[in-house]
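Listed below are the structures to be examined.
Both complexes shown next keep subunit A, but they swap its partner, so subunit B is in the first and subunit C is in the second.
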Partner chain A sequence: MSGSGRSSGDIDAEVLVIGSGAGGAPTAALLAEAGFDVLVVEEGPWIPQGALRPFSLQQMERQYRSGGVTVALGRPSIAYTEGRCAGGGSEINSGLYWRPPGTLLERWRDQYGLASLDPDGIDKVLDEVERDLSVQLLPGAASGPSEMLRRGAAALGWRHDEVPRWMTYSDQEPAGRRQSMTETYLPRARQAGARIVPECRAERIEIRNGRARYVAVVGADGTRRRIGFRHLIVCAGAIQTPALLLRSGLRHNIGRTLAIHPTVKLAARFDSPLNVPDDVPVHQVKEFAPQLSFGGSASHPGLVALSLADSWDTFGDRIVDWQRMSVYYAAITSEGHGRVLAIPGFTDPLVTYRLTRRDEAMLGRGLARLSLLMLEAGADEVYPSFRSAPVVRTRADVAEQQRRFSTTRATVMTVHLCSTVPLGGARDQRRGADEWGAIPGVSNVAVNDASLLPDAPGVNPQATVMALAIRNVRHFIESDRFLDGSS
Partner chain B sequence: MIERRSIPDHTVITGGAGWLGRALVSRLGSPGSEGLRRGLRVLVRDEADRRGIMALAPEANVVVGDVTRPRDLTTLFQGTHDGVVDVVHTAGVIHPERWSDFDAVNAGGTRNVLAAAALAGVRRLVHISSNSPFGTNPDIGDTFRNDEPYDPYYGYGLSKMHAEVHVREAVERGLDAVMVRPPWFYGPFQPERQTTFFTMIRKGRFPIIGSGAQRRSMVYIDNLVDGVLLAELVVTPPGRGWWIADECPYPLAEIVATVGRALHDEGYDVTENRIRVPALFGMLAEAADRGLQRVGRYHQAIHVLGEMDKTIAVDISAARAELGYEPRVSLYDGMRESIRWCRAQGISL
Partner chain C sequence: MRVRIPAGKFAEQLLRHDLPGLSDEQRRQTLAFMESRLRVLPSPMTVGVGAVAGVVGALCAVIGHRRVVGVLARRALPVVRDYVRLLRSLSFAYVWETWPGTAPDGSPLVCSRDRRSLIGESG
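Entry: the complex of A and B
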């Protein structure tokens, strides 16, 4: 790989990868292993796995964007979280691994004209991902909160599964060691010669004559630099990727089709202590999937309190029982639409999202079904997270919960964001990127992260994001044109 | 393993003059019926209903009374002490004259029947519930599972929910009671409102609100009677409830087209249905229904219209697995049978 044709700047690389999460890390590793000179810039800090307590407020402060407080505006506004650290979301998420269902990939292929999207090929990539991340079931019994999901679903005859995770278990770490990007693909990238620069934020791509020339970056100390490259691959996540492209003047179909899994929550109290402050349940209920899924949320005492906060007058005094409580969610696939907008003069993009009537009905029914499941699991009281919610002790109370529910009263949130630069075939009117993630109209820029998912997958998306990223980067490596025709 | 109990010595039916009540009486009391039983005791509200019941089931013991009056129920159970008694409680009001009847008849009446049944030491009571305590599906592709949270659809739904709550409480106190939940039914013994439905379709005037893709579960009356009798006789834990419906939900447009085809094949002139109403109209009707019911009023046409754009789809797999229920009659065949019944009654469509 020659360096000819490279733009000169303060730093140079053959391939610049922006972002080091589930998209960026495998992208960097595979390119470096194929002999490319790779530079990764990551806005957040490098924090090794195990340095911070999982799902703690301290972790939110250090590894989440804005301490975990980011909001998509709308009625209701939807709170979302983004990882902002080396490894991105993989460092802080639940670690629950879902293969994209075959039917989903087939639908994407047919609906968005993705002729090259081969479900069997993706399956093979996923086999590899599962090995690389040590995806496995728990070696022993599931936690109490997880067991309650299983028990309630079993009583109702609803489909439920223990979801495997990217975790390794040993005598030293019986609770497991998360096989996040800082444990797997990022060390691999480094080993193969990639340079990884944390705390370095990409501000803008400079584009001239249909070609990206530099990326302007700013370091933790405020130092500004320009990075030159031949190829640029943006993997900054479903919010920051479109924001960067928009700030850089790339606007066609960028940031217009944000898809999320809107989520509502409740806390349930059982007759004996079961709270696990630093882990999440491994069971999920997929009876109504993909439209509606149930699972367990992080439940340290602060988050239990937060889930009671919407109706604190009624629920607040129950916080003393937090050890008998755990938090659960109902997530839906949404028919609504969101946007990511870059506002001149502001560092952060404006994010909006609008739920449809059907989404609102689905969230209400979803939360009611989840309450019923909790009663069947043996909860003595259930506390739905919305203003004026009743304490639910009986089936008739669930009806009252449904009657009072509205999304404008609820804390709607999401952790799954995608589809802001959607993949699409040449004839797909809404595509933001071509079938392999390259951005039309500029010769040497591709996107390779959750932004590419054509729409919300209905399952935890990390495996899907990784599989698509690996598929795309292999295509770039194997294609003699790579991103621009000048290889 | 499905285990059935013996036919009881006495079978008590409330709401005997209703749509389902008459179908049950006919199955259990008509000479020559495959399900003929002795010891039928049938509660009807009006003396005028007695003749109709006797015509269907000459041997039946007809009691005139009201489920809202406990004394009438004492009379109903008189003379049943000498044997095994089962009860099918179908009495209820769906399109009431007064809004307050919902609660008085559907909830209060059920509580009275449960109390009388417990006192009489019945073997099992089958309570006829509805889809209405569960509201409507949140999505056109959503299907109610056998066990769902309550989300009652206005006054009727609320009263039927309260009835179910009374059943569950009675089970807690030791009564063997179960619940059958039929959606919209069709078939012989249909009331006037269902005739209107046929006539509107025949004239091409049935308003399909929205896309017509909204799904509705329906149940042919004989399929329902099969399900009710299985719920009575199959050994299950008390307190269970099951959807009893046709094989699968149908898109509303398909229901209308099938009825049109059935009418045509029965020799009626059918005008193709072309009336499509924007979804907004259904929302307005629902809002009007809600407003009226809030002030204690009920208007049948507005209520039905407000519900027509909704999906009410149920899954019968639990009834299949636990009761061995199989719907025997399809929509088309059932609709033809209903049309023939209307003709035989001299009802013009």
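Entry: the complex of A and C
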């Protein structure tokens, strides 16, 4: 085990970790610190935190998969985003931190037969994550768009919170420095001896006699090679992890249970400038959580224009007021599900998602309540993002908005994707991985990222992903050879 | 599998329809941005979008770009609407991020306001 190093000339690393996001980075750090010889391959480039303007098109080009243009097909199709860079989604998301509720962990334990899932143990891991990422509230006042969420919720008597973030604040960086994976766990992994290779895409796992032997990779310059290992931990995210397993012939319950938090949006205009192009509001409204939540989105002028685009004939002339506008979302916990499919001959997976009728109704109700929230916050006009939407100025307009809404007319999006290789106990018919993330049927492969969440958590999943990843990797370290099938 | 989807004449006509006030140089830059994003679409999406683009291109060849754009920009026909929405989303995001002082018709904001006031005065 730890410190045993390479066991033969074929082995390039004792543990190969594919992906360096919220799952892969702590996995690599903890393994390297325990003495394992760790190699991390990451498909995207290493871009230091702060090198690119947050939420800009340039950032989307450099750090998002396919420049941010990725879609789950369905009626409606749902736009989603994936990080494709060292640090993964942690580099590009809002940095907002939500502990998974204890009731959620208890439900997962009971519903999916996860006897080893100990909510108190996860709580202790979360304490540690919060220290490592400097999770904290804003040292000063919240931004104007955030204050509007707070004000609207307070007027309606709805529960709302300032959400802490993984940020540090200093005189040099008063707006904060995001404590993403390239600032925290990846440097720790490197410090402990892990090798991190960016711009190296894993194409296929070569499996023989129930054991993974090599991973075929391709570099940015097109050079192909094979990497050998004793243990393989796949942390490429909820879309790319199942895609890689499927391409490699591992199909049992893989990619069949994609879960997301679908969102619909609107832009709200206020009487004075409040737009903050490079940041998102820290307040969220949780009165109807976990089924329905409200928050704020990035709102630089290009994104304001996008939010008006579905009804440009009606709303387009308001773009001149973008400085008085901000974009907000209503997110639901969906009962629908999607799939990730690997199609022979294609580099990328096909992703589908189907909303249920209940989801569609919930999105319509959610968007209507969000309009009401904005009116109560003082918006003079609200522009819901769907075709044929009315300009909302009064409560009567909110009713008209809800009457006209349909998901096929709306821009539906998500940034939270999970559950494509779900954890499950031995009797769980839908499990893609065992209680610790190991893939049944192959002795030395585990998954350790958002794919493992049994279903959508109803809150920003990054903290949950990190906590489960740390729990799993500690089990790996403590039980030594569990990936070889001896535990 | 990698297929190249040219944004092409249809995208240009759609841009002229949506944002007639863009200068030639702005339009060129915007189209170049759209092409760059279409080049990196996930491969299954490339095939789907390419197929729709092919059908739209064939329609344009038969009945003319301007008429096809005129119909598709106003009417949300199944499947094709997603293609139009994709092109429109790319162009709007690029135009307002690159030139935030742009009027709804794509012209520079100050000029547009001047022009509106002139129209108001003359009308």
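Here, the second predicted complex is superposed on the first by the 472 of 487 C-alpha atoms of A that agree within 3 Å, B and C clash if a C-alpha of one lies under 4 Å from a C-alpha of the other, contacts with A are read in each partner's own complex, and residues count from 1 in each chain.
Following the convention adopted for this analysis, contacts are C-beta pairs under 8 Å (C-beta built on N, C-alpha and C of every residue); 3 or more make two chains touch, one makes a residue touch a chain.
Predicted, not measured: the structure shown is a model, and the values here were computed from it.
Three-chain overlay on subunit A, with subunit B and subunit C fitting side by side and no clash. Greater residue coverage of subunit A by touch, when subunit B is weighed against subunit C, goes to C. When the two structures are aligned on the shared chain, A:P457 is found in touch with neither subunit B nor subunit C. After overlaying the two complexes on the shared chain, residue contacts for A:I319 are found with subunit C alone; subunit B is out of touch. Contacts of A:A399 after superposition: subunit B is touched, whereas subunit C is not reached. When both complexes are overlaid on chain A, the residue A:M362 reaches subunit B alone and has no touch with subunit C.
Of the two partner chains placed around the shared chain by superposition, neither subunit B nor subunit C is touched by A:P242. In the overlay built on the shared chain, the residue A:G83 is in contact with neither subunit B nor subunit C.
Once chain A of one complex is fitted onto chain A of the other, the partner contacts of A:G74 are absent, as it touches neither subunit B nor subunit C. After overlaying the two complexes on the shared chain, residue contacts for A:T347 are found with subunit C alone; subunit B is out of touch. Minimum C-alpha separation, subunit B to subunit C, in the superposed model: 24 Å.
In the complex of the two chains, the subunit C residues touching subunit A come out as 1-2, 18, 33, 36-37, 40-45, 47-48, 76, 82, 85-86, 88-90, 92-98, 100, 102-104, 109.
Against subunit A, the residues of subunit B that register as touching in their complex are 133, 135, 137-139, 141-142, 145-152, 161, 165, 168, 318.
Here subunit A touches subunit C in the complex through residues 56-57, 61, 65-67, 69-71, 73, 77, 300-306, 309-310, 312, 316-317, 319-320, 322, 343, 345-350, 387, 409, 411, going by the rule given at the top. Residue ranges of subunit A in contact with subunit B, taken from their complex: 156-158, 287-288, 291-292, 358, 361-362, 364-366, 368-369, 371-372, 376, 395-396, 398-399, 402-403.
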